[in-house]
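Below is the structure I would like to discuss, written out as C-alpha cells.
Lettered A, B, C and D in written order, each chain numbered from 1.
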Amino acid sequence: MTGSAVRISKIAKGYGASRVLRDIDLAVDAGEFMTIVGPSGCGKSTLLKILAGLDQPDGGSIEIGGESVNQLRPSQRNIAMVFQSYALYPHMRVRDNLAMPLIMADLPFVARMPVIGPLVPGMSAKRRQISSTVRDVSKSLGIEALLERKPSELSGGQRQRVALGRAMVRQPGVFLMDEPLSNLDAALRTQVRTELVQLQKRLNATFLYVTHDQVEAMTMSDRIAVMMDGRIVQVATPAEIYAAPADIRVARFIGSPPINILPANIGEAGIVGLLGESQNLRTALRAGEKAQVGIRPADVTVAAHTRARGASSSHEGRLLHTENLGNEIILHLTLAGDRQVPFTARLPQREWATIQASGGNPNLVQVGLPAERFLVFNAAGRLIPSKGVQVSKRLEAVS
Amino acid sequence: MTSAKLDVSTQELRAPSLAPSLAAAVRHGLLLIFAAIILLPFAWMILAAVKDPSDIFSDPFSLDPAKLRAVENFSKALTAAPMGLFMLNSLIVVVGVLSVQLITSVAAAYALAQLKFRGQTLLFGLVLFALCIPVQVPALPMYIALAKLGLLNSYFALMFPWFFSAFAIFLFRQHFRTYPQEIINAARIDGFTEIEIVLRLIVPSALPAIAAFSVFSVTAHWNDLYWPLIVVNVTEKMTAPLGLLNFQSAEGVSYGPLMAAATIITSPLVCVFLLARRYFVEGVTMTGVK
Amino acid sequence: MTSLPTCGTCRPARAVPDKLRGVNAAYLFALPAVALIAIVVLAPIAVVILLSFSNYSLGATDWSLVGIGNYAQLVHDRSFLNALSNTALYVSVVVSMSVLLGLLLAILVHGTGRLRRLYEVIFFLPVASTLVALGLVWKFMLHSRIGPINELIAALGLQRIDFFNNPSIAIFALAAIGVWHLVGFNMILFLAGLTGIPRDLYQAAAIDGADGFWDRLFRVTWPMLGPTTIFVTITSTITAFQVFDTVAVITHGGPAGSTDVILYQLYQASFQYFETGYASALTVVFLIIMMAISAVQIFAARGVHYS
Amino acid sequence: MRQTLAFLMAAGLTAAAAFSAAPARAETTLEVVHAYGAFRERFYQPLADAFMKDHPDIKIKFRAPATDYYEGHLAVAREAMTGQTPDIFFAGMNLLPDLASMLAPRNQITDLNPFLDQEGQAWVDKNYDINVLELGRIDGHQWGLPFNASTPIAYFNADLMKKAGLDPQQLPKTWDEFIEAAKKIKQANSDVDGMQINLALGDWFWQAMVYSYGGTMMSPDRTKVTYGDDAGLKAATTVRRLVEEVGMPWIDEDAGMAQFAAGKLGIFIGSTGDIRTMDDAIGGKFKLVTGTFPMGAKDGHLPTGGNFATILTQDPEKQKAAWEFVKFLTSPAGQKVTVLGSGYMPTNKQALKNEYLGEFYAKNPDWKTSLTQWPIAVAYFGYPNVKSIKVWKAQSEVLFRIGSGDVSPVDGLKEMVQSTEAIVKE
C-alpha cells in the first residue's frame, strides 16, 4: 500500500466578513508526512475539514491521487481521519468501531439497517472479510485485547489507538490527523509521536497532520507547512524551517525557547547595524530601511564577564534568572545599552559550569552574537539573504 | 465555532443531493404544519372568548370586529363564577406549596449532599423510592385523614400532600453535590453557620436549578385537577381548573364566557412561560438528570 | 492556625468539634423532609395496603379484614379489566406517538437557527397550559357535528368522525390530545439529547461513509439518543398511565365505558362510590404497575449508559 | 414528627380561619348550605338580604356552597357524624330519600308537617300544589319543601322544521311524533342532526324516558328494581330507534346544546333551566320554540330536577327562624326572584299571578313550557345508599350498546336491571 499525493490549489474559505483561508496552495507527495502547523485560529483545522469534504470551500480545487475530489463526498475521497477527540462511537464496541468504515463501504444499505440488516442473505463472506481485517489491524496496533470493550472503558492512549485503527482499516490514500495527540499526557505524547512516525514509514502512507505544537511538527514531519492568518507562509523540511524561516512569524513560532528578535539598522551598502554596532553582515536592503535581526538562543555565545571571546560583537548581559534543563541551561538576560532588551541564550550545562567557576560578578556575563548566524528580516517580516563581510568595528550611526 | 458555520456543514451533510434551500423548505413546511396543529386549540379558544357566542360554531375561525363581545364574555366569566377567586386560590396554593417545598427540600438536599449523618443512605433511598410513587397512591388515605380531622375544603388540604417533593430533594442534592467542599470548609473557618452556608453560598450557586424546579412546581400545581377535585367541594376554595370544570355545571354552557374563563386561567402560566422560557426548558431537561 | 492573632468576634463555638456540629445541623436540616416523607408517603402507603385487605368504607363505624377479597373482586371485575385494557391502549398510542413525533420535531427543530426558539415556544405551549381548559376546547374542536375539525373533514369531502361518541374511536381521540399535550415536552428532552451529540461524531461517520440521512440516523443519532429515548419513553409512560383530566372533562369514561381508565376508576371508587377497600386494592395494583415501570427504567438506564 | 404535623395543621387552620366571616351579632343565626356557587348571587343572596331586612332578629349565614348536589350531600353526610350539619340545607331532588334515611334515625332532620299544620290547611292550599308538596314527602313525613324545580323540555329549531315542511305551531307530543319529525328534519336539511337527548352523561333523561312511558325505576320502598317492565322496554326500544332511525349523536347535554345553538340540530331535549343560555347562544340566528317532553303513555310522568329546602337544625328557636326563611323562599315573591334568576319553575302557585310572574310568562311563552308539565311531575329518583352514580355508569354503557344495536332492547334491558339490582344490593 502506498499513499496518494495531494494537491491543493487556491482553496479559499470565509465566514461572513472574515477570511479563514486565503488561496491556499499545497502539494503533498505520496508517502510523505506533511505537518500543517500554526497558532490556533490560523485556519489549519478548517483546511483539513475541507480536504476531508466535511466543509465546503468557497473556491479552489483539491486533487487526491491525481483525481479531483471537489465533487466527492467524504467517504469517496479515499481518506481517513483521526479526530482530536477521537470521535469513537460510544455505543459501539471497539470491534464495531473498527468495522464501521468497512461496513459502510462494503455492505448495501439494506444489510446495514438495524434489526433487518443481519437477515439479508449473501453477506457472510463480506462480513468474514471485514472481521479478519479488523483483527489484523488491531493486532498491528496491539489492541486485540480491547475489541469487546466500549470506548468508555478505555484509557486515553487506548482510545487514540482505536481511532488510529479505525483510520487504518480502510487503507486510505491519505491519513488526515487533527491534533491527535493533544488529549494525551506529556509522557504518552512523546511515545506515540515515535510510534506514529514508525507507523507512517511502515505503511508508506501519506499523512497530513495538523497541530499547533511546533515540537510535534519538527520531530515527526518530512515537511512542514506553516500557516499564519489563513495563508501558508512556508513549506519546507524541519531543518530548513529552523535554519531559514521565510517569515519572522515563522521564526518566532518555531524553536524553543523562542528566537531573540532585535531591532536593527541598515547602514551603507546594506551593512547591518545592531545595538549601535555595525555587524559583519551585508544584506540587499537599502540604507535606512527598518529591519529586525533574529538570533536563535542556541547560537548565542556566552562567556564569563571578565574576558570577552572572539565574537563579531560582544555585549555585557545582565542575568535575570536561569532555567536548568539538566544537560542544558537557558539564561534570561538583558543586554546592556540604552534599551534594556530581553534576551535568552541556551548553552550546555558544562559550559555554564565553567563560566560560573571562573569567578567575577555572578550577575554579569559577556554575550557574543555571531553575525553569520543572524536571520535578517525586512520591515514586512520577510527573510532577507545576507552575506558575511568584514567591516571596521566603528561606523557612524545612521540616523 | 459559530452556529452559522455549523448550519452550513450540517446542510451539506444531511442532504447532499438536495439543494439546501429545498431541504430547508421541506423542514419548515413540516414544522409549520405541526405548529398549526399545536396552536389550533389556542386560536379557537381565544377567538371563542372574544366573539359573539352565536357565531362560535357557525363560523369557527372568523372574527367579525363589529360583533366583538370580548368585554361581555370576560366580565361574565369573572362574575358568573368567581374566576378571580379561583385564580387567587390557585395562587395561594401554588405559592404556599412552592415555599414549603423549597424550604424543606433545600435543607434536606444540603444535608444529603454536603453533611454526614446516620441514616443518610436510608433517607436518600426513601427519596428515590418516593420518586417512583405517583401522587394518586397516597391520595385515598390522606383524604380519609383530612376528612377525619375536618380539614377538607381548606387551603391546608389543598397544599399539604405537596409539601414534600422527592423530585426537588433529588434535583437539589445533585446540584449541591457539585459545590466544592473546600469552599464550605473555608466558610466554616470564616465563622459561617450551616444555615448561612446554605443561604449565602449554596442557594445562590444553585439558583438556576431552583428557578427551574419552581417553574416546574408552579406549572404542576396550577394545572392540577385530581387532588383539588378530591378535597374541595365548596366553591370558595376551588382552584382555577376545578372552578373551570364547575363553571359549566353552574352556568349551563355558554361558550363565550366559558372560553373566556378558559383563556383567563390559561394565560398566567402561558405568560410566565413566555417570560421564563429558559427555565421551563431547563426544568424539563433537568428531569433527565436521573 | 495557632499562630494567627485571635479575633474578638470568633465565637467559642469553635471549640466544639466540627464533626459534632455538622451532625446536629444535618439532623435539623433533614427533619422536616423526614417528617413529611413519613406522613405523606410512607404512612399512606402502609394504610392503603392495610385498607386493601379490609371492607372499610369512609364513615362506617365497623369494619373488618377480608383477606384478599378485594383483590379477588378486582380480578373478576369486568369494568376493572376494561379500564386496564383501555389504559394500556391509551398508553401504547400516546407513548409511541409522542416519542416518535417528539424525536421527529426535535430533529426538524434542531438546526433551524434563529427560528429554533420560536418553534420551541410553540411546541412547548401545551405543556405549560391548563389541560382542563384545553380539554374543554378540544371537546368542542372535535365535536362530531359542529366541531371545526369535523367541518374541515366534511369540507374535504370525507366522512365525519364521531371522535367522542364512537367507542372504538374515543380512546384514540383522547390519546391524540395526550400526544398533543406531551409532544413538546419530549421534543425538549430530545433536543437536549441532540445538542449533546458531539459534532465530530457526525464528521467521523461522514468519512466512514455514513452521510445519508438514514445512515446518520441509524448509525449515530438514534444510538446516541439511546439514553434519552429510554428516559423519554419511561416518563411518557408514567404520564400516560396517569391520564385523568381529559377523561374527567370530556368523556367521563364513555361512551360504553370505552374511555374508562384506571385512574378515573380509582377516582370514582375512592371518592364517588366510597368503596374504600376496593379502591385501596385498586390503588395497590396501580402502585405496583408504576413501580414496575420505574424498575424497568432503572434496569434500562444501567444497560444503555455511555461515557 | 407530631410537632411538625401539629405546626403545619395550625398553619393551615390559621389560613383557613383568615377567610371565614366575622362572628354574628343577630339573635338567631342560621347557617345555610346550597349547591352551585353561581346561584348565590343570582337568588340566594338577594333572597337572604330581603329576608333579613324583614326579620332583623334573624341572620342568614351561607356556608361555602357545594360544587353540586352530590358533593353537598356527601359533605352533610360527613358533618352528620360530628354533629356539624348546617341549619338549612338544599338537598338535590334525587338525594332526599338518602338524606332522610341517614339523618332521620339520628334526629338530625326536621319534619315540616307541624309547621305546615301551624300555618293552616287553607294557607297551604293557597300556596302549594299537592303535587309539589308530594315530591318532598316520604312515608308521611314532609322532609323537604321544593325550592327549585325543573323538568326536561324540548327545544325546536323552527327554521329547520319549516324547511322540512313541519309546522312550528303544531309541535310533536309523543315519541313517535318526535321521531317522525326528527327524521323529516334530517332528510330536509344537509349537515344537520334531527334530534338529541343526553343519554351520555347523567341519568335524568333516561329516567324521563322511562317515566314518560309510565314506568318507574324502583318500587316506592326502594327495594325492587321496576324498570324491567313494559315501560322500560318501550323506553329502551325508543333509544334504539333514536339512533337507528334518527341517527341521533350520542353526546352529552353541553355538546348537544352547542350543536342546537349552532343551528345544526332540529330538536334538543334539555332542562328548562337552559333557556336563558340558549337564547344568548342562538343570538337570533334562527327561531326557537319550546315544547313539552315527548310522552309515550297516557299515565306518563316526568322526573323533576332541582332541590328541596330541608331544615336540619333541632334547636326549636332556630327551627322557627328556619321555617320563616323557608316560607319566604317558597313564597310567591321569593319564587319570582328565583325563577327569573335561573329559569326554574316556580314551586308556589301564587307566583303565577300577574303581579309576580304572570306577565313575564305571557311575554315569554318559551319559559312557561315546563310549567305545563307540573301535573305530571314526580321526584327525580335516587337509588338507595347514594348509588346513583354507580348505577348510572353501568346503565349508560348498556344503553349505548342498545342504541348502537350491539344488544337488543330486550336483552339490554335485562342486563341493565340485573346490574342495577346487584349494585343496589351491595
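By definition in this document, a contact is a pair of C-beta atoms (placed from the backbone, for glycine too) under 8 Å apart; a residue touches a chain by one contact, two chains touch by 3 or more.
Here the structure is a predicted model, which is why all the values come from computation and not from measurement.
S.K.: From subunit B, what is the lowest number of touch steps before subunit D is reached?
M.R.: Minimum step count, subunit B to subunit D: 1.
S.K.: Out of every possible chain pairing, which has the most C-beta contacts?
M.R.: Pair with the most C-beta pairs in contact: B-C.
S.K.: Which chain has its C-alpha centroid farthest away from the centroid of subunit C?
M.R.: Farthest by centroid: A.
S.K.: Can you give the whole-Å distance between the Cα centres of subunit A and subunit C?
M.R.: Using C-alpha averages as centres, the distance is 55 Å.
S.K.: Between subunit B and subunit C, what is the separation of their C-alpha centroids in Å?
M.R.: Those two chain centres are 14 Å apart.
S.K.: In whole angstrom, what separates the CA-based centres of subunit C and subunit D?
M.R.: Result: the chain centres lie 39 Å from each other.
S.K.: What parts of subunit B, by residue number, touch at least two of the other chains?
M.R.: Only 4, 13, 16, 57, 147, 160, 163, 248, 255 qualify.
S.K.: Using the touch definition from the top, which residues of subunit D touch two or more other chains?
M.R.: Residue numbers touching two or more other chains: 78, 254, 258-259, 262, 264.
S.K.: Subunit A: which residues touch two or more other chains?
M.R.: Each of 49, 54, 73 in subunit A touches at least two other chains.
S.K.: Applying the document's contact rule, which stretches of subunit A touch subunit C when the two form their complex?
M.R.: 49, 52-54, 73-75, 79-81, 83-85, 87-92, 100-101, 104-105, 109, 112-114, 150, 152, 166
S.K.: Given the complex with subunit B, which residues does subunit D contribute to the contact?
M.R.: Residue positions touching the partner: 8-9, 11-13, 15-16, 19, 36-41, 63-68, 71-72, 74-75, 78, 82, 84, 253-254, 257-259, 261-264, 271, 273-274, 276-278, 280-285.
S.K.: Which stretch or stretches of subunit D touch subunit C in the complex?
M.R.: 1, 4-5, 70, 77-78, 81, 191, 193, 200-201, 249-252, 254-255, 258-259, 262, 264-265, 387, 389-390, 393, 396-397, 400-401, 404
S.K.: Can you list the subunit C residues touching subunit A in their complex?
M.R.: Against subunit A, the touching part of subunit C is residues 198, 200-201, 203-211, 214-215, 218-220, 223-224, 226, 304, 306-307.
S.K.: Using the touch definition up top, name the residues of subunit C that touch subunit D in the complex.
M.R.: Residues 31-32, 34-36, 38-39, 59, 79, 139-140, 143-146, 154, 162, 164-165, 167, 252-257, 268, 272-273 of subunit C touch subunit D in their complex.
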